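Chain nomenclature is as follows: A, B, C and D, assigned in order of appearance, with residue numbering initiated at 1 for each chain independently.
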Amino acid sequence: MEYKEMTYKDAVNLAMTEEMRKDENVILFGEDVGLYGGAFGVSVGMFEEFGPERVKDTPISEAVIAGCAAGAAVTGLRPIAEIMFMDFTTIAMDALVNQAAKMRYMFGGKAQVPMVLRTPGGSGTGAAAQHSQSLEAWFCHVPGLKVVVPGTPADAKGLLKAAIRDNNPVVFVEQKTLYKEKGEVPMDDEFVIPLGKGEIKREGSDVTVISYGRMLPRVLEAADDLKKEGISVEVVDPRTLVPLDKEMIIDSVKKTGKLILVNEACKTGGFLGEISAMVSESEAFDYLDAPIVRLAGLDVPVPYNPELEAAIVPSVDQIRQAIVDVVTNKR
Amino acid sequence: MAEMNKETLIEMYKRMNHARFFEEKVSWFFARGMIHGTTHLSVGQEASAVAACMALNDDDLITSTHRGHSQVIGKGIDLNKMMAELLGKITGYCKGKGGSMHIADLSVGNLGANGVVGGGHSLACGAALTQQYQDTGKIVLCFFGDGASNEGSFHEALNLASVWKLPVIFYCENNLYGMSVPQSASMNIKDVAVRADSYGIPGHTIDGNNAIEVFNKIKEVAAYVREGNGPVLVESKTYRWLGHSKSDAQAYRTKEEVESWKEKDPINYLYNYMVTNDMAEKEELDELKKTCKQDIEDAVAFANVSDNPPLSSVTEDVYA
Amino acid sequence: MEYKEMTYKDAVNLAMTEEMRKDENVILFGEDVGLYGGAFGVSVGMFEEFGPERVKDTPISEAVIAGCAAGAAVTGLRPIAEIMFMDFTTIAMDALVNQAAKMRYMFGGKAQVPMVLRTPGGSGTGAAAQHSQSLEAWFCHVPGLKVVVPGTPADAKGLLKAAIRDNNPVVFVEQKTLYKEKGEVPMDDEFVIPLGKGEIKREGSDVTVISYGRMLPRVLEAADDLKKEGISVEVVDPRTLVPLDKEMIIDSVKKTGKLILVNEACKTGGFLGEISAMVSESEAFDYLDAPIVRLAGLDVPVPYNPELEAAIVPSVDQIRQAIVDVVTNKR
Amino acid sequence: MAEMNKETLIEMYKRMNHARFFEEKVSWFFARGMIHGTTHLSVGQEASAVAACMALNDDDLITSTHRGHSQVIGKGIDLNKMMAELLGKITGYCKGKGGSMHIADLSVGNLGANGVVGGGHSLACGAALTQQYQDTGKIVLCFFGDGASNEGSFHEALNLASVWKLPVIFYCENNLYGMSVPQSASMNIKDVAVRADSYGIPGHTIDGNNAIEVFNKIKEVAAYVREGNGPVLVESKTYRWLGHSKSDAQAYRTKEEVESWKEKDPINYLYNYMVTNDMAEKEELDELKKTCKQDIEDAVAFANVSDNPPLSSVTEDVYA
């Protein structure tokens, strides 16, 4: 396979571009996605290639962006809708949760809603409490939706292509602070990563660390550091939260007997709780020889001051320390 | 303005009667606790719903509402499957999973009733976008109530549709109340249609109990919309005879008000119109009414002998 | 203390009525809460007592209902806002999550937002997928909000009074199917249950079952049944999910060594995961001698057919069976 | 219409200059990466924001927006605390937790800027409800942009305010763009003010670069609103000279367009107005401008010597 180094943002762009070239029912709309290229520049160049019929600016109206995508999807298009910040999905919840997610079931299986709602989540950009949330856990609690959070450029490409081809509404959570991160990305336009398949980003035997999205590079860095100290960390990235690759998680925990979970969302009610509970009620429970540790965001709105902002999400140091503690059985 | 022929009017009369008898039957079931949940009946609003649908092409699309029985019967529906759905049977439109508030039949362009007031506005935009993008020549009619026009989704959808010139008719069935709250307490305007001005689109107010007026206006508007001129807002003034839903003491309105609207029965109006204009004989129409009633009895019989969905189906159809 | 038997619904009404008599800054608004008395009749009689200035019908506009409550609260009123069905909080999320919950923190502690958002959750009424959800987990994931789910008439009264007096936005989740359930309710108008205090609804020693809201009576019934069979079940009702009475939960688990969690929300991403994870990372982990079991709603939209609808939430039988399995260490 | 005296105009001129210099400084900081995050500058919109606030009583309330620096300076603010907030310091209005998009000062009736476009509409209703209910005689002015008027919250809030006759002025600063999208591509109307008709309330369009016109119109409207007549929608046409936010290549508009608006500099306009009408000497105004510039330097000095918030504060102030 041919690879090319590119940013996470460009990988998202490439996935959309390739799918739009292949299937003319794929269109993109959202606020400022056209000429402006999106608030984060993700769709730069697409307006020029596909024109105003396929790359459409909307008014500032998140509810109708999501609802219009659902209505278009159920009638035969495969829309990609962008909500500029994940915080503003709050305005689109009825359309997503009550309409898009439920239409198929409510109508007895006679509808399908192949839409993707792309939205960037996460703090770290100095944009404060209303532009920095990580709300993926909400969507995971809604049957009918699939939820994807890619952590690398290659995953961003492969998963977005799968999301666009999927016949269900998919919430595709991009990571603002990864947008400019680079990685090797397969240029094959049939490079599609199936939703529901996690990836072991690094094999190890002493402890399993599950993480995704923005925290993934930090976990890998901590794992690298600890290798030198003789601690072997297995890093599992579920990549899609719904459907979740339970098997991969359970197998890894059975192998290592120890589990640490890392993300940046507020701890209480976050998706790490779901993973912890799932493991606790699985056969892996009997293999656990230490408590399951969650390292997550503090339960606070995101503050503006950069030092405070940095302090609310797990740092490499904290992750490293947590791993050491668990492996050496300190509580 | 399109001409109406006898065939169309007879079909309209038939569907209006189907709607009326269907709902009377549903009401009867509810009174006896034979249907669970709740339902919103549109008795009195049959012309508004049926005539509007009949002015569309058969392959045009609609989004329907919680008060949608007349709407979907107007669009053309299999009464058996509809009754079966109300009774939660596997033979129902939604395999018993949807019920009264979620009747959908995508095969005839019925994109589904909606339990969320205002939930259909933006879906209609999306459906219209598909028609525009694929150049199908079809248009979408979006049903909603006076109350729904106060939801933010109304505003966002009409604005988007206007800016994108989407082929949608936003069709407000103004029955003067949103549940218990009269229009005067939920908006400071007399006609919902004036809201069209906020989007630079045409707005019309019509007598929703006059099937002829409804049919003609929607025909006219549909042609305009189909030509690519963008959306139109049409407000159809009508009235629901019964309570808002299953349990409603109707303390918010007077018996006299209700009675005065019963005198404007849309079915009688159409009956008299056809007879007066020599388009049909009384006997023919009376006979037709009987058939309609029988059709509903047949639907009940169909539903009654249908099975409940198997328990295993509960986890099916979540994902495609 | 004087007690009176009354329904859950009347207890909610009584709490509001008492607080409105005491503090004229307390007002109620929502769709059809006035003359009509609310879709479920909860506010019947209040319009007559307090008049249209204090019991106000709104247009059908959930976003402004919640936002107006937040704006009124931050300027000195103590509004109670009703959203007719919990499903429609989807339309009010920006106001609740981005505004009400965050104002205090974003403004450096200089604001307070003493509002209550009352809304009924749950299935069991035949109202299908868009009128039956249990979405409390979402709100638990939002720092700044408190979340209460009363399971008895007395708790409904005492907790709602506490919620109204609290200086924070409180999401008060009523239970549709409990509205007509009766119980003894203290008539003292200073009967206030502090938010964050759980209650052991029944003491036991073999297993801890944590439940709340609609499932609570089922759990108690199962516990009663099993007593006859010699199984001693401790039933813990957290009553408020945020703040959560972790101490009570941890103490109970340390005592019994076994934990079952029961609610009716969809299992994946629900609040039971949070409780499970919290216990797994607490000192109680070492006392656990069986996997933590979650009995929750199926991950499906709520179906209309009554048999299907009943099948998606845990039954008394299923709860009983789960208890027996855990106690006898069957997996 | 209220008379404007010299004192008022001088104060207005001062605040407009404060706003201008404040933002120039902020822009300077950003260009050097000395402030993190993003910001939305209102250079060019100073008259629209400041004159509107000054037409209110001191204890009236406002809700502000993401583009709120001129608005909150117009309402009266401590520049030191504001600059400290931009720099994330403990001495800032929000103890460094809010930043540019969340400046609030409840003590002067500033209920806070809002990072959510349209987020203030319904908060303003609530604040107005408090005034009405407690009969305080105060009113609320709700700032928002042309783009924000397409949010559903706009519709719900104006409708509720109208039905409840709440004392709010909905004040749209129409700077012709919502981020990159021109008004013509986001709504099919020329004047946002026509949307007032949907709620049966008065709507006015004014020249937002003319401080005198803004002041007089808001005075007049405030009196109407204060008398209990319900809300009013006022649209103030203006223009932002700079990009939407920190990074904006402005491909969506021409340099000529921007230049033509710079010729309508609201600060110059007020300067000339005062001089021409013999309300102030040039020297006096030039001197004042210098003082304003110095005030901003002082604010920077204050902010610079202020501490960062302690890390421990990160978990404070979540709950009351």
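Quick note on the criterion: a residue touches a chain if its C-beta (ideal position, glycine included) is under 8 Å from a C-beta of that chain, and two chains touch if they have at least 3 such contacts.
Note that the structure is a prediction, hence the values are computed from the model and not measured.
*Asks:* Centre-to-centre on C-alpha atoms, which chain is most distant from chain C?
*Replies:* D
*Asks:* Go ahead and note the Å separation of the Cα centroids belonging to chain C and chain D.
*Replies:* Once rounded, the distance between the two centres reads 40 Å.
*Asks:* Calculate how many whole Å lie between the centre of chain B and the centre of chain D, each centre taken as the average of the chain's C-alpha atoms.
*Replies:* 45
*Asks:* Measuring from the mean C-alpha position of chain B to the mean C-alpha position of chain C, what distance in angstrom results?
*Replies:* 36
*Asks:* Please list all residues of chain A that touch 2 or more other chains.
*Replies:* As it turns out, chain A has residues touching two or more other chains at 59, 61, 63-64, 87-88, 91, 94, 98, 105-106, 128-130, 143-144, 299-301, 303.
*Asks:* Provide the list of chain D residues touching at least two other chains, using ranges where the numbers run on.
*Replies:* 94, 96-98, 102, 114-116, 119, 150-153, 156, 159, 163, 185-187, 318
*Asks:* How are the chains arranged in terms of who touches whom: line, ring, star, complete or other?
*Replies:* complete
*Asks:* Per the contact definition, I'd like the list of chain B residues that touch chain C in the complex.
*Replies:* Touch residues, chain B against chain C: 35-38, 85, 88-89, 94, 96-99, 101-102, 114-119, 147-148, 150-153, 178-181, 185-187, 251-252, 308-309, 311, 313-315, 318.
*Asks:* List the residues on chain B that touch chain D in their complex, please.
*Replies:* Per the stated touch rule, the residues are 150-156, 159, 162-163, 185-189, 194-195, 197-201, 230.
*Asks:* Would you pull the chain D residues touching chain C in the complex into a rising list?
*Replies:* The contact residues of chain D facing chain C are 61, 63, 92-98, 102, 104, 106, 111-112, 114-116, 119, 121-131, 133-134, 152-153, 156-157, 159-160, 163-164, 316-320.
*Asks:* Any idea which chain A residues touch chain C in the complex?
*Replies:* Touching chain C: residues 63, 87-88, 90-91, 93-94, 97-98, 101-102, 105-106, 128-130, 135, 137-138, 140-144, 242, 244, 265-266, 268-274, 276-278, 280-283, 285-286, 291-294, 299-301, 303, 331 of chain A.
*Asks:* List the residues on chain A that touch chain B in their complex, please.
*Replies:* Listed in rising order, the residues of chain A that touch chain B are 27, 53, 56, 58-59, 61, 63-64, 66-77, 79, 94-95, 98-99, 103-114, 143-144, 146, 167-168.
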